[in-house]
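In what comes next, chain A is part of two complexes: it sits with chain B in the first one and with chain C in the second one.
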Partner chain A sequence: MGELKNKIMFVVQRPPYKSEDPKLALTHALSSGVTSIHIDEEIVPTVAFIGDGVLNCIKDQKSMEAYGITSNERHIKNMLATDTKTLVCKEDIERLGIKEDRLIDASDMGAEMTIKVVPFNEILKEMEANDHLMFF
Partner chain B sequence: MGTLSIGVFSSLVGSMNLDFAIRLAQTAINKGHTVNLWLSGNATTLSKDKQKEFKDYSHLDKILRDLMGKGLSVVSCEACNQSRGIQKEDLIGGINRASMDLYLANSAQSDRVLHIGVE
Partner chain C sequence: MRLALFYSDLRGIESIYNRITAHELGVFLVSNGIYHAVLKENGKPSPILDKKDATFYILKEDLETRGFSDNEVDKRVKVIAYDDLVDLIMDKYEKLAWL
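Entry: the complex of A and B
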């Protein structure tokens, strides 16, 4: 890794599987870890789920059984296992009646990082703290 | 002069996002800036060679080739291409294929990034 750091925030607004966007957001965020093959600069990703995008964070997804594709849960767990800061909008999970105990965690993979439920205001502050924003 | 990275995820037909991105790239290049264009998701349809022009649909083949001749760098997501049955030999000459880490690396080193993600 180089000494320089560049912060990129990925904001996921779409629900899983009805659109390719959330999957692309997650794969782009995960690829941050290998950009050092191109540049001498570390990319620090943050991923935030807002709006209907918070539905990506519900655990026990059965996309392989239903659609024959890997789940967004798998990608999110890989993100957590690689210490990616992952935020979920508090107002949106409350609006959709999602309790925090239904959110994905990657403790079975040894991850210390967990999904952090935060008010939208904190997500806005995080956006301001990043060098680049990518909305999916 | 600066460097602009543009990432587009919307399809060539059915959305005007690619039209906007290409025309923005054209303006930037004509002003002397360096522009990197990343095509991912349905936007990889732009990378396909032998597109026929119809007046009812967006047609960016000609302007894209012209811009590449002026230095526009175009990279298409390899996995997105492959999943749509677009092989390397199907691409417009001069368009490269890579994975998304190259886009992030280019973004990190750009003065400005315009990411058009949601379709």
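Entry: the complex of A and C
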């Protein structure tokens, strides 16, 4: 691992499945570890869900059973299992009537990281703290 | 006209939807349209369910793909499987439209 460190924040603003954007964000964030090896720079991803993008974080997604495609839930669980900081906007889940117990967790995979519900203001601060921003 | 209308998004298609009328109208909530039957944004059900004289259906596969189940669906909406959807659009409606 090299000495350089890149902090990249992926911000997901669209609901899952109809658009590929959320899945692209998640798979890009997940690939950070491999990318670090190839470019000899440490990539530190953070993923935040805002607006209708918070709908990606609802658990029990059955896309594999219905359509044979990997669910966004699976990607998010893999992110949590690899200690990716994952934020979801408090105001948006409240606006949409989503209770926190409906959010994905990866404790069954042994993950210690959980989705953190935070006010939008905290997501803005995280944007400032990152070197790069990518909106999906 | 007997029209089957596929409602496939959460935002941005309301203005066209609100203007569409038919003698017999079936509204099929599919893809991201399913959120209208399960979310209560700001504590209120989706206004698209207020459309007069429409029959509402929701595609079970798209509902479950997004992490929801039958018991969370608004009572005005009938949960149907893909096979049922095919039967309905072949037997009950004469025209299809996709929003």
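Keep in mind that, in the parts below, the second predicted complex is superposed on the first by the 135 of 136 C-alpha atoms of A that agree within 3 Å, B and C clash if a C-alpha of one lies under 4 Å from a C-alpha of the other, contacts with A are read in each partner's own complex, and residues count from 1 in each chain.
Here is the rule we go by: a contact is a pair of C-beta atoms (placed from the backbone, for glycine too) under 8 Å apart; a residue touches a chain by one contact, two chains touch by 3 or more.
Since we're looking at a predicted model, the values are computed, not measured.
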**Prompt:** Taking chain A as the common reference for superposition, should the pair chain B and chain C be classed as clashing or as fitting?
**Reply:** fit
**Request:** Applying the touch criterion given at the start, work out whether A:Y67 contacts chain B, chain C, both or neither, answering first, second, both or neither.
**Result:** second
**Message:** On the A-aligned overlay, A:D21 touches which partner chain: chain B = first, chain C = second, or both, or neither?
**Reply:** first
**Asked** Which of the two partners, first being chain B and second being chain C, lies in contact with A:G97: first, second, both, or neither?
**Response** second
**Request:** Look at A:A129 in the shared chain and tell me whether it touches chain B only, chain C only, both, or neither; answer first, second, both or neither.
**Result:** neither
**Message:** Applying the document's definition of touch, where does A:H38 land relative to chain B and chain C: first, second, both, or neither?
**Reply:** first
**Asked** Considering only C-alpha centres, what angle arises at chain A between the directions to chain B and chain C, nearest 10 degrees?
**Response** 90
**Fill in**
After fitting on chain A, the minimum C-alpha spacing between chain B and chain C in angstrom comes out at 14
**Request:** Write out the stretch or stretches of chain A touching chain B in their complex.
**Result:** 6, 8, 13-14, 19-21, 24-25, 27-28, 31-32, 34-35, 37-39, 41, 43, 131-136
**Message:** Which residues of chain A touch chain C once you look at their complex with the stated criterion?
**Reply:** 15-18, 52, 55, 58-63, 65-67, 71, 73, 95-98, 102
**Prompt:** Tell me, which parts of chain B touch chain A in their complex?
**Reply:** 7, 9, 40-42, 99-109, 113, 115, 117-119
**Fill in**
Listed in rising order, the residues of chain C that touch chain A in the complex are 8-11, 31-32, 35, 39-43, 61-62, 64-69
